[in-house]
Structures are given as C-alpha cells and as structure tokens.
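For reference, the structure discussed in these notes is given below.
Lettered A, B, C, D, E and F in written order, each chain numbered from 1.
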Amino acid sequence: MSEELFQPAPHVLSGDTADVYFLRTRQVMEAEGLNPTAAMEIFPHRDGIVCGMREVTALLRKALPQGAEVWGLEEGEPISAREVVLRVKAPYLSYAVYETAILGILAHESGWAQAARECVEAAQGVPVVSFGARHVHPLVAPYMDYAAIVGGCATASTTLGASMAGKDASGTMPHAMIICFGDTVKAAVAFDKQVEPEVPRIVLVDTFLDEPQEALRVAETLGEKLQAVRLDTPGERGGVTPELVQEARVRLDQAGFHHVRLFVSGGVTPERIRQFLATGAPVDGFGVGSYITSARPNDFTADLKEVEGQPIAKRGRIPGITDNPRLKRLI
Amino acid sequence: MSEELFQPAPHVLSGDTADVYFLRTRQVMEAEGLNPTAAMEIFPHRDGIVCGMREVTALLRKALPQGAEVWGLEEGEPISAREVVLRVKAPYLSYAVYETAILGILAHESGWAQAARECVEAAQGVPVVSFGARHVHPLVAPYMDYAAIVGGCATASTTLGASMAGKDASGTMPHAMIICFGDTVKAAVAFDKQVEPEVPRIVLVDTFLDEPQEALRVAETLGEKLQAVRLDTPGERGGVTPELVQEARVRLDQAGFHHVRLFVSGGVTPERIRQFLATGAPVDGFGVGSYITSARPNDFTADLKEVEGQPIAKRGRIPGITDNPRLKRLI
Amino acid sequence: MSEELFQPAPHVLSGDTADVYFLRTRQVMEAEGLNPTAAMEIFPHRDGIVCGMREVTALLRKALPQGAEVWGLEEGEPISAREVVLRVKAPYLSYAVYETAILGILAHESGWAQAARECVEAAQGVPVVSFGARHVHPLVAPYMDYAAIVGGCATASTTLGASMAGKDASGTMPHAMIICFGDTVKAAVAFDKQVEPEVPRIVLVDTFLDEPQEALRVAETLGEKLQAVRLDTPGERGGVTPELVQEARVRLDQAGFHHVRLFVSGGVTPERIRQFLATGAPVDGFGVGSYITSARPNDFTADLKEVEGQPIAKRGRIPGITDNPRLKRLI
Amino acid sequence: MSEELFQPAPHVLSGDTADVYFLRTRQVMEAEGLNPTAAMEIFPHRDGIVCGMREVTALLRKALPQGAEVWGLEEGEPISAREVVLRVKAPYLSYAVYETAILGILAHESGWAQAARECVEAAQGVPVVSFGARHVHPLVAPYMDYAAIVGGCATASTTLGASMAGKDASGTMPHAMIICFGDTVKAAVAFDKQVEPEVPRIVLVDTFLDEPQEALRVAETLGEKLQAVRLDTPGERGGVTPELVQEARVRLDQAGFHHVRLFVSGGVTPERIRQFLATGAPVDGFGVGSYITSARPNDFTADLKEVEGQPIAKRGRIPGITDNPRLKRLI
Amino acid sequence: MSEELFQPAPHVLSGDTADVYFLRTRQVMEAEGLNPTAAMEIFPHRDGIVCGMREVTALLRKALPQGAEVWGLEEGEPISAREVVLRVKAPYLSYAVYETAILGILAHESGWAQAARECVEAAQGVPVVSFGARHVHPLVAPYMDYAAIVGGCATASTTLGASMAGKDASGTMPHAMIICFGDTVKAAVAFDKQVEPEVPRIVLVDTFLDEPQEALRVAETLGEKLQAVRLDTPGERGGVTPELVQEARVRLDQAGFHHVRLFVSGGVTPERIRQFLATGAPVDGFGVGSYITSARPNDFTADLKEVEGQPIAKRGRIPGITDNPRLKRLI
Amino acid sequence: MSEELFQPAPHVLSGDTADVYFLRTRQVMEAEGLNPTAAMEIFPHRDGIVCGMREVTALLRKALPQGAEVWGLEEGEPISAREVVLRVKAPYLSYAVYETAILGILAHESGWAQAARECVEAAQGVPVVSFGARHVHPLVAPYMDYAAIVGGCATASTTLGASMAGKDASGTMPHAMIICFGDTVKAAVAFDKQVEPEVPRIVLVDTFLDEPQEALRVAETLGEKLQAVRLDTPGERGGVTPELVQEARVRLDQAGFHHVRLFVSGGVTPERIRQFLATGAPVDGFGVGSYITSARPNDFTADLKEVEGQPIAKRGRIPGITDNPRLKRLI
C-alpha cells in the first residue's frame, strides 16, 4: 500500500481538488484552440529542504505528453527562498489543472521535512523519531511521517509513513494501555509476554508514579530484557527536564541497570533538544510531535516564464527561463 | 464523491495510519483477554472552534459496538482550552486504534476553521473566500476548504471542498491563462465567450499593467457583463493596499463603471482586513490563503478517565468523568 | 529573651557598629565645646510600610537626655518615598553616633515588612507564613520574622522571631527528617507519637513519591489527625503548580479526606500567589522565604534641618522642619 | 570584641533562631532513638564567591562530636551555582538544628561579598571602601563590612567590621557635622586640630557650595595637610559625574593643589565605576553603600545525600556524596 | 524690516532656489506653447498646525495673473495628515517654479510651529519663550521664532522674529557677560544701571556658584528691582530639576524674596515640562530651544489634480479636486 | 549671486537675528567701559562633520579688529562630540552679538552635511544627489544643498546651492509637467526637442503606467538619446524596491536598451541604500531628500575660557584654552 501513496489519487487526477479556475482555464483555452508550449517555474518562499518531488514527478509522469521536459531538484535537497526548484516545459493544458496539487504537495511536505531537519541537526546524532501523527489529518499522516524521515528522522510512529521511507515504525505503549492494566509493571510484563521478540521492550514510566521510582520497578521486573524507558512527563509535573533525565540515569545506574536507555518525548523542540545536550543529559532518543506538525507549509509559487519560446512574465517577475545549474532532468 | 470524504478511508480503518503502539496494545490486550469498558475524554490545547466532529462521528459509528456511548459538541461550536469536547464510553479495544485518527482530524480541521473564523470576524460581513488549496497536500485540500467554510467562509476554491459544505466553488482566472493569451482583455473576452453564463465574470487585473489602467480597459470591453475585478498585486509592486482599492474605485466610478466590484487577494490576514476596513477601502470580497493553511493545528489530547466505572487518570490529570453540560449524545 | 531583642546591644550602644566618622565627629565637637540643639529628620527612598520604630525608640530612649523630643510614625504604618517618618530634636551629640544604627534598623526591617505585605495582599486572606530564616544571618533572622509579621504574615518559622510579635512559631518537618526515617509515613507516625498534641500534624509529601500518592498514604495512616500536607515540590519536578494543588485536592476528596488542608511553599512570590488564586487552586496557606529575604532594604536618609532653632540644610534639601501631621510624639 | 563575632551567639547555639521544625525533628528522633550518621551537602543558587565559612566552621566546631568530618572551601573562594561547597558527616542530631543558621550565614555574607567583588573588579585597582552600614541592621553591619573586605574592599566604615578583617575603619566627616559648624572650612579646621594626626584629613565638600569652589576653599586653608576631598553630591544636584571629577581636578591643579586626592561616593555601582574609568575621570577612591547592602542573598540549599553509608536523596536530587576535589578537610 | 520678511526675496522670485527641473519645465512648455489652467493641491505628511500661509500668499500674490484662485487654511490652524491645506488654480506656468519654495516654507515653519505648540500645551498656561535662534541658520532664525509664536509661544529671543509676530523680544543676559564681569552680582548691578527701565531685570544665576546661593546674593543686592532669576544649570551639574526649583523657591521665600520669579531653560521638552508641572515645581516661565529647532519639517506634497477642467492625477493619487470645506478663498 | 551667499546678510550683521541679550550685553559693557580680550571656544554636541566654517570665517573677517585670532577646522572635516572646532580671541564686544549666528550656521549646516555623508557612505560610490529643497525654507535651501555637497553629494537640485559648491544643478522633470502633457512619452519628446543638448535626458517613468512598461515606451522613442530613467514610485504603489529596479533592468536589457541608466528617488535613507546594494539592485544614482532635510541640527555651544589671559569658565566647564592640535589659524 505504501508505494501507492506516491501515485496520484483519482480525485486529484480529475482536478476535483484543484482551484476551480484551472478547470475553467482548460475549458476556455480548449474552446479557443489555444494550447501553447509553456515553461512554468516553481520557487519556495523560505529557505529549507525540498520534499514531495517524488510524488510530484509521479503525477507529472501521468499527466504530460511525449516530448515534455521536467527539470528539478532531488528529494531532500536544500533550497533557498525564491530559488527555482522545478521547471515544467510542455503544452500548457497538459498540466494546467495540476498547479494546485503540485504546489500543495511541495508546500506541505517541505514544511514538515524542514522542521524535522531542524530537530535532527539540533540532536547531533541522537536519534529523533516522528511522533506527530495525532496532530494531522490521517490522510496526510503518512506523508508527514515520510517527510520527517526525508528530513532526517530515524523513523516514525505510523506503519504506512515509516514504510514509505523504507523503515519499520517505532512505538512503545500508550498511557491508555497502562491505565487499563492499572499498573505499569503489569502492563510491561504483558507486553513482554505477548509481543514478537524483535520489537524492542520500551516502557513508558510516567503514568502513575514518579519516573525514577517507576523506572526502577520496571527494570527490576524485566531485567536484561528492558531496552529502554520513555519519559513523557506531563506539563503538570514540569515536563521532562535535563535534571530528571540525569537523576533517572544515576538511580538506574546505582541499581545496576546501566543497559536501560532513556527516551524523551513531550514538547520536544530544537531549542529544548539543544538545552538537553548543553547540560549533558544522557538522552538516548527524542520523540518529536507538534514541532513538526505545526510547521508552516513552505509555500511555493508557480510562474509562466516562457510561452512558445518567448520570455514573458507577469509584472514583478523576471521574464524568461531562470538559470539554475542544480536542476536535473527528471522527465 | 464529496459525501464519501466524511467516511473513513480503508487504510485509516485498518489502523495503518495509527501510531503503531495502538496496534500493539490491541495485540497485547486481546491476548491477555483484557477489554474493559473505558471512558476516553478529549480536549483541545487552545480556545477556538471545533471542526471534524462529523468525520469523527462517522468513524466511530463504523467502529463501536452496540451499547457504546459517544457525547460531543456539534461541528463549528466554540471551544475553550482544556474543555472536554468529546467523550467515548465503550469497550476499550473497539476504539483504541482510532485515537490517532480522531485526534488528527480534530486538530487539523479545528486549526483551519479557527483561522478562517478570525478572518470572517475581522471582515464584518464582507465575504471571505478560502483560496489556500495550493498550500496544502491535495488529499486534505478539500478538508481544509470544508473547515474554512465551517469557520464562516462564504465558499472555497476547490470543487470538492466547496461541495462538502454544500457550496459552489468560486474562482476567477489564473495569471497563467492571461499570460497564455498575452493580454488581459483578450483573456477576459475569451472567458466571457466560452464559460457558462451563470459563472460570474471576475477578471484578474494585475498581470501586465497598472491595476486601475487594466481595470478600465476590461470594463470598457465587457461593460455591464463584468461583475468584478480581482486585485492580487504582487509584493514586488507593494501588494494590494487600501489606497489602491480606493483609487481603483474612484477611477472606475469616474468612468461610469459603478457596477464593477472589487475583490482583494494576496497575503490577506485578519490584521490586514481590519486595516482595509479601518480606512474605509471599498472592498467587496477577500480571498484568503496562507493565513488559514499555515494555522497551527489545535492539538487535542485523549485521556482515559474511567475504567469499568472507576475514576482513574494518569498523574497530572483529574480522575473521573468531567462534567460538561454542553455535550450532547451523538451515538 | 525576645523582649530583649528590642533593646540595643552593647556594641551598638558603644558605637562600634557606627560609621567611624560619627565617633570622630563626637570627638571633635566635644573638644570644640560645640553641642547645639539640632533637629534631624529621616525619610525613606521608596513607598512602603515602616518597621523598626519600636527598636529605634528603645535606642533613643536610652540615648537622649531630658527635654529631647522624638516624633514619628507607628510600627507598620504606610509610608511614602521622601516622607519624613521620624524627627529627633535634642543636643546633637546625644544621638550623633546612632544615625547609622537608626537608619539601618529602619532600612532592613522596612524592606522585609513591605515585601511581606505584598505577599499578604496578593493572598487575599489565605494565611502567609514567613519561612525565610535560612536565607539571612541568624542574628537578624528574628528581626526579619518580626518584620514579616508586622507586614501581615500570620506567623513565622523561628521561635524568637514569632515570639517578638507575640506568636507561636510554625513549622512542619524537614526533608532531612523524612530521609533519616527512609519513608514519609514512618516519619509522620513518629512525629504524631512524640510531639505535643497542640502542634498541628502537617506532613511534607514530596520527598520520595509523587505528591498526591504520598498524600494519600499519609492520610490513610493518620486519618483525622492529619491536619494538612505541605507541597514543596522541587524545581526539578516542576515546582508546585495550581494544577498539582487541584489534583491533590480531588484525589484526597475522592478518597474521603476532605479535612486535609493543603499548604504550599517553594519559590512563592506575590505574582505566583496571584496565579494560584486566579486559577482557583484550593490553597490553604503559603510559606514565603526568599521573596521577603531578598527584598532590597528601603534605604533611609537623615538630614539636619534646624540648628539652634534656625532652618538650615545641605544643598539639595529644603531647610527647616518639614510639616507632617501624621507624626506623633514618641518621646 | 571583633574575634568574638566569629563565635556563635547563645541564642543561635540554643536553636532559638532556627526553623522550629528542626527543634521538633530533634525531639522526635531522640524519642525514637534514631540518630544515624548522615552526610549533608550544601550548594549555592548562583555563581559568586563564598563568605561565612569561618563563622560556620566555628559553629560546627562547637556542635559536632569527635569523629565528625567537615569538608569545605576556604573563605573568599569562587563558587559555581549548585556546586557543593560544604559537606558535614556526623550523627545527624549533632547538627540538625544548625541547618538554618549555617545556610543563613553563607547566604547573607556570600551575597554581600560577591557584590563587593563586582565593584572591586570594575574599579581595576582604584580602592573601594564599604560605606553601607547605614542600610543594614546594626547587628549584621560588621558582618556586611567583613564580607565586603573578603570580596576585595580596601576597608570599611565600621570599627567592628573593619577589625574583623584586620583593617582600620575609614571615614571622613558627615554632613551633619559641617551643618553644626555652619561652614565646611570651619569644620575642617576643627577636625584637623582635634583628631589624631594619623587619621587622614579628608573633607566632604558638597554641603553648602558648589564642589570645586568649596574644595578650593578647604585646600587653601589646610594646604599640604589636606589629603583628599570627598564628593558626595546629592541626586538633586545631579550626583557625582565624571565631568565634575575632571573639573574639580583641573581647578585644584590650576590652583597648585596637585596633592589633593578625590574620593567619590553616592550611588556608586559597578556600572557607574566603569563609566568613571571609561571617561578617564581621575578618581582616587570609591565609597560603595547600597550596591553591596541591597545584594540579594546567594541562597544555599542543604541536602542529606548519605545515611549510614547508603546513598539517598529526595526526589530531584542525585543520591550519594558528590565528588568535588576542591573541598578541603576543615574539621 | 520685519514686514519685509513676509515678501519673497529676489532669488526666490527668480527661481534660483527652486529645483532646476521646474526651470526646465517652464522652458519646455513655453517653447511648446503649452500653459494649461491647472489645479494644484498641497497636503502635509503629519498632523499638526500649519504655518507659512502668510508668506506663501504673499509669494502667490506676486506671481499669479488676474483670475487665478487660491484657497487655503489660515495661519496656525490645525491640520491632519494628507488633508488638502492649499489649492492653487491658475495657468500652470505662472506658479510652476514656486512649487519648491511653497512646499519648503510650509514644511519648515509648520514643523517648528507644531513643536512649539506641543511645549505650550504641556505648559498649561505657564509662558513658554522661544530660545532656539542659536540652533538654526540666521537667515531662518526669525522665521523659526515667528513660527514658534504662531504655535503659542509668548515671545522669542530675536528682535526680528518677535517683531514679525508683533512682540517684543525677550532675554536676560548670557554667561559670557557674567564671565567678563567675573561675578554675577557685579554684572547684575551694571545691567540694572545701564538698561532701560522697561526691560525686566532677570538674572542668570548658575554661572559661578550654586544656584540658590547666587539667587540670594542677587536678590539681596537688587531687592525689589529683581523681577526673576533664570536657572540654566548645565548638564554637568545635573541640569535644572523640579527639586532645584523648589529649593530655590523656599530659600528665596525664607529670605523674604517672594516677588522674585523663577525662569527655567536648558533641554526643556514637553516631556520635561510635564514632569515639572506634575511635581508642582513653582516655575514661572520656560525657555525652549532645541526641541523646536530640531523638529522634523512637516513635509508637504503638491499634486496636479485637474488640467483644463478635467480630473487627472498621477498613479497612486485620486484624480480631481478634493473637497475640503475648511478652505477659504485667499486670492 | 552664489558667492554672495557666503557673506553675512545686513540684518545678520546688524544683530537683528541675534538673541536680544547679546545686544543688551553690548550696551551694558560699552557703558561700563568693559571690553576685555576674551577667548571663546565652540564645540558640537554630536560626532559628525563640520560645515559652515567658510561662512563663519567671512562673518568674523567682517567683524573682528586687527590683532584678533581665529583658529578652526576646515570645511567638511570630521568632528567629535565636545571637541573644540573654533576658537576666537579678540576684544569681546567685537564678536559678542555674533555668537547666535555663528552657532546657528554651524549647527544647521553641520547637521545637513553629516546626514548627506551617511547616505554617501552607504552608497559606496554610487552617486547621491541632494533633492530636498522642497522640505526647507527657500532662504536656506541653497545652504542645505551646499552642505549636502560638502557631505559628499555629487550635486544638488537647486541652481544656487549647486553653484555655491561649484557644481551644475541636476534634475529630470516633475510629475506636474508630465501631467500637463498627459503622457510621459510626449513630455519626453518635448523635453528632448527644447532643452540644450548638454542637459542629460533623464525621464521620470512612474506617472501614469507601470514603470518598466513606461521605461520601454520612452526608450523606444528616444533611443540612444535617453540617458536614464528615474523611478520615484509613490508609497501607494509600494515605493521603489530592489526587485523593481532589477526587473526594469532586465526588461530594458531584453529589449536592447543596455545604455539606459536607472535613477532611484523617494524615501531614500542610508538604511534603504544599504538594502539596495545588499540585494545587488543595479542602481546608477540615488536622489535623497528628507533624510538630509530632517536631520537634527548638530547643536554647538560657545564658552568663554579665558579673559585677559586668565583661565576662567562657568561651572561645569574646564577653565582655560583647550588644546586641540587639529585647529589651524584662519584669521
């Protein structure tokens, strides 16, 4: 299923998700017999990295006739504000109705990928996992996770999103499961008994008791099988802090559980990642959610710059093809 | 097709877009024979309005067994930060894997709806149209447009989004079409000739010439048939300003074109809408794009608050059902 | 002993704590046979309340000869910046060497009293207790506690300070005691067994376990005898928050312990008190430490304004007695 | 008398200035027969320098039994926030009631010493004298002056404070004396006649006339015997400024009084000292008062970290002895 | 001479102070035989009051032919940003070269007048005198003083400026004169002896001695003849402060000189005037200099809005005559 | 005429533009027979460059008797705040009444010159022309232009101002002329036909049409004779931006008009000049108006420092001649 997600959905192909004026443009120009070869260029509004090229290319491959040319950057490359990242040269009506979809795919995914990149760069090698599916519409949750992995995340929490990027999904257990069991240790024991051995045993330790206390109880029960504990302390208890991680580490070490790793989630941002690293807190992994999902889309703009070989542009733009040696022929 | 969009997609129903730990929770609890009746409550992080209830209810209707209870607010109602807006009471495993999807639908759509609401309130009766499809992934563009209309927009630019809310899509013509024709008047004449008469004649007038000059040229050609002109001046020419609208109005009026209305788009925000109104600029409609699409999702949180009739909660939350007389029985 | 604290100490009386130039002034003027009747006026630098008048009056009563006049405000009265709060009229050499001590007593105590007043006003009737002895030198700790009570505190933590103001000292138990017992419940039981029944049973509940959990354990053990619990959560666990107080209240109430009151300490300031009250957190008492002890002294200045009945003053000051109808004859 | 000031006062030794809960702790634990050997560690809240160790050591020497260990830094050493600066290892009840006094001594004196240090560092070799006795309670005025000298001040204005640090007190004359004489020159002449020759002749020159004018009058009268003049211009006349010092210097030099030095007081802070030096104002000494006396105490915290040889700590702290190679064995 | 200053100077009339392109415009249009009747409108950039209308009208009266119309506001009226304050309707070449001069006169004088107005409004009836001639070129110093009086000043310091507004100039004596006499009292006596009796005796009292001291010396010498003293304390002595004025008042009153008034100058601004009044300082007059002279000109813009009876305007402006019922026919 | 402008005007020489107290000083001192040789020093309040020395020297040459000395800096030299830039040594009454004029000339012209310098430095070699005559009174417009050229401007817009500095005035054509012709191209053709060939053909292109469009129309008509176009876009159309300049350049180049240069005016400041240069916009010249004309005068102060060879000064100033080796003998 995941490969399918790179192919255009039927209602995208039909233009039903496009701005309606493109449908009318097609209607008018076809009736007038006007379909010039036109070059469209696309540029982003902010610096960042580009994501969505793979999906856009699949859409254009479906749409364009023989002889069309598409030039662009590759998935995940860095981009600068107002730099041309995609150029399509083809009879205009073959792609007119897809301008909305192309811009939307690039805007949304590049926004997510860049936010993920900021976290990954802040983390300096400590793995970052995308945990934000709960903050976006489920139809785009896999695309968001895919973009996060393009941006450098180690993996993501949705099966579909992770598999689009060739990864296995990652996750521990929800508070709800622990509440159903009524006790973290009981939940951990059941998890360990029932789940395939290749799934890492990572236990959430902030549900009922103070975290270091709970971490010790779980470690004493699962012993060597416990791979990590996850700290997701709610804001009402101060959130996860560098001091909490350090204390958990020392108390686990003093009890001999050096092998148990510490995973941090909840309100994680690049700024907070840097604070953790600056204080030397021994974090073994970060889960990031809303920093990525609340990233503003990196809006893209499309301009016709050449019609039938002649430079042209609307007011405010430079007429003619823009030179960008970084572009590669994609189609 | 648009009604279908309120029904859960197959890969949402299968849990493939869920956080993987909910799949594992189901696996563990089923194996352990644990499936208590549990009450889950959901609250937002910010004040605003709720959107997505219609889609969430459709999903729960598919998922829950007989005897389950769902209480919630109605689509578009105002909400306060941390107020319970949805309560599900049912055997936990019947809905466990949908927590991710439910939260994501509400977060994304409520974020968009609230941003639209802010524009609509600023506009004090002047119609606002959602023009942001180009800034979001095409799979959610219709949901974004739907949410914008729930938030008060008059209509939206995508066929599918507008129809989800029972509206006709709205649009004029793109710069690209005018560039293909090489002249705004030629494009306007062709549009007028080819498009069904019930579609309003609204012409974009900033492509090649100074706006009032172009507006006069178009008005002189289309005469009474011209319903409106759209000003979408690029930032490189100062964007659309109250002074520009006033000047266009006077110059059209001085030439006798009192019937031609003025539609403004490009970087429109509540703040800018208020500036237009404060200066008395005679705007007849606003097109809003990125203010809505770059709204942060209004993140929601789900908590188990009761298990088998007993109040319970994780640390930091108040155990037991939260009283909220605004909730109505939905299922 | 506490009444003695209002009497001047021998090394204060001897002038050994005075600026040395007053000793030299006495030496020079005595040698020159100069000892005019002079009126000295004293004013504060900031608005606030005055504290230290009782101690200053005791000192002047010791120092001044027959016929001297002292006019002043009463302990705890409000004062304005630059308002005359004390006037001494006597042969100059009888009080010259005490200018340093008089100003210092008023500055230090008025600073503390005003800070306490700010807390008490913020608390709108919820009792505030002075807990700051650990932040000041032990020789002035009682004076700080006395000033805090003059400023409106219900009582204070030092025996001597409380008794200076006619109060019983207040306190619960330190973390150190609980650590020695190794368990909060064991410490609470021992305290209950050994301490006179009139001392309230107030147990500190943040030492080893999450606060509501610990509060419930203590309440289940001491039952009706438990008067209150104190929340003093360290910054490493987020400090005490309104949400924590509310949750502790609900969890205690759900378990039937409606009679157990909640006492909050740790980083308490007027600003934080107002936040607690604004959120409706059910706090039954506040312990304030460093806000009071880190208050800047309200510096006072002394000016000679009349010598042998003639108005005089240094440059920048108005010569002659300043009219202030609020002053009462003290000596 | 001054050496006595390093010895604990009777009411400190009795615990009457302690938080009352320590007295109750002693009562409970004695009754329960519990008196474990415990290690207490103490750390400051801010960076700075430590002061009060001499007095604390004297107190512990009185209190602790044979076999106790005390490790700490030396008077005046630099300290970092949260660095352990003192460790006591002894039967807990031998020192329990002194926690309040130990923390208070260190907090108050370290706060003063650090503020003095900031002035001294700003002054780059120009002597700084502590003039703040009038802003603190007379019982701690000597400790404040002692701490200021530990922080680097050349000396201080109280006899007792200066002698605690092995210095002679410094001072000129008060405005009040000049007002009694009615004229600065008359006061200066009387001072010169009556005071021991080893006391420097430093005359205050802002009482009645413009400073340079008065300085010249005094210099013309005392001639070579005049060592310095003090500028203490009130805020109502603009305070002392670099320009005033420069002008006074030039006018004295033009009249041949190159030997008369200039001493500045009144509102002096590190920031203002830096401004004086930056403009090259020829200041020969600074008197600092409220910058030192209004310094916030550098609050200290005490934690039990080991009981009967086992690492332990309250939540939020790291259990066990903290390694700090800078500590030396004091007892 | 002063009336002459309202007439255009020869090199203004000749166009030598105009932007050269107006000279070329005249040359081209005359050669082309083009001289249409045109309406020019002028508006300011900021709110304020208008000054310069009298001079502009005199210039236009010289320049315009029979039949021309000039409409405008009167000298000193309030104006709003972008409000039309002057309209000229005449053959264009009759006034083309004076656009520069008209705009410049209005800009410079309206800027000064508005700044003066702000001082006068702040002073609430206490007289304000324009003292800024020394901060502007002498050729415009009279115009600046005239504008200040239009803005509400009681009078000004230059003979010519004051007389343009029908006032007598006001002034005391400069520091330089006192320095030449070597003593303020000697200078005051000479002034009193030599100057016509109708000139008020106002003596500057900050040159050599502290101001209240000097004021008393002068008052004792001149007695009833002394009308006022001027305080102009330099910044190096803290400038004039409310406290200084109050002290001078008290010391004069204590010596019986109730009749001597106090005049304040030096760095006076509306903000400082408000501070004086707020503290109740008994100021009898303010001298204002650089606040008025450093006012930004209130730039004006001229637009042709009608040519041969047809509405016209450049891009960005509304074509046609602007309705403003406040304008009166001036020519 | 322009050389005359450096000579004092009759009403300046007569003292009618002076502060009236200087006239009274002359009257008093003459009557008292007092006319000592006095040295007056003048210093500025801010850093900058000095302008007005040429005019001041001409005035002093007229005023001073044989034997007088004048020392000063040269026109246009850099100056520091409070640095002595002019010293006059002569019988005091020979120059007393000119203090006002001397200070005013230096203040006003130095303020303008420094503002011009800031623009010129920002422009890094791109010519800057003074266009601000319309913002100042016409009597000082030439002095402002002269000062701007002293500050580094290439030339200025007034004939008289430019000629004072030995330059030809520069200008294009006003909007008013184009409006009279009704079309930019018609105005340009007439200009080209009627004006001397040595005047550059520079055409203003923002009056009626979008700038690049108009620039192309003019270039197509005048061809090689067109030297430059001026962009002066009003704020209502976004002002001139780097992007507009770049687009105009490209569109002119694509049409083969590489020789047409681009001149920018309207709201130009050093900050905006730097923005243009930072973006690489191909600007060939800047016209600056209100940045220069709204510069605060750099106020100057005059002090008598020596009378009959003796150092003297008012309070707050250093008595005696100030050493400044940069001063040269001017008279």
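The rule is short, and it goes like this: contacts are C-beta pairs under 8 Å (C-beta built on N, C-alpha and C of every residue); 3 or more make two chains touch, one makes a residue touch a chain.
Just so you know, these numbers come straight off a predicted model, no measurement behind them.
The set of chains in contact with subunit D as well as subunit E comprises C, F.
Of all residue numbers seen at the subunit A-subunit F contact, under half occur in both copies; the interface is built from largely non-matching residues. Taking each chain's centre as the average of its CA atoms, subunit A and subunit E sit 65 Å apart. Rounded to a whole number, the gap between the C-alpha centres of subunit E and subunit F is 22 angstrom.
Note: centroid distance subunit C to subunit E, computed from Cα atoms, is 58 Å.
For subunit E, residues that reach two or more other chains under the stated contact definition are 208-210, 235-237, 243-244, 247, 315-317. If touching chains are joined by edges, the resulting network of the protein chains shown has some other shape, matching none of path, cycle, star or complete graph.
The set of touching chain pairs reads A-B, A-C, A-D, A-F, B-C, B-E, B-F, C-D, C-E, D-E, D-F, E-F, using the touch definition from the header.
Contact residues of subunit E toward subunit D in the complex are 208-210, 213, 233, 235-239, 241, 243-244, 247. Only residues 311, 315-320 of subunit C touch subunit E when the two sit together in their complex. On the subunit A side of its complex with subunit B, the touching residues are 1, 9, 11-12, 15-25, 27-29, 31-32, 34, 36, 38, 40, 92, 96, 99-101, 103-105, 107-109, 131, 133-143, 157-162, 169-182, 187, 190-191, 193-195, 199, 206-209, 234-237, 290, 293-294, 296-297, 299-300, 302-304, 307, 312-317. Note for the complex: subunit A touches subunit D at residues 210, 212, 243, 246-247, 250-251, 254.
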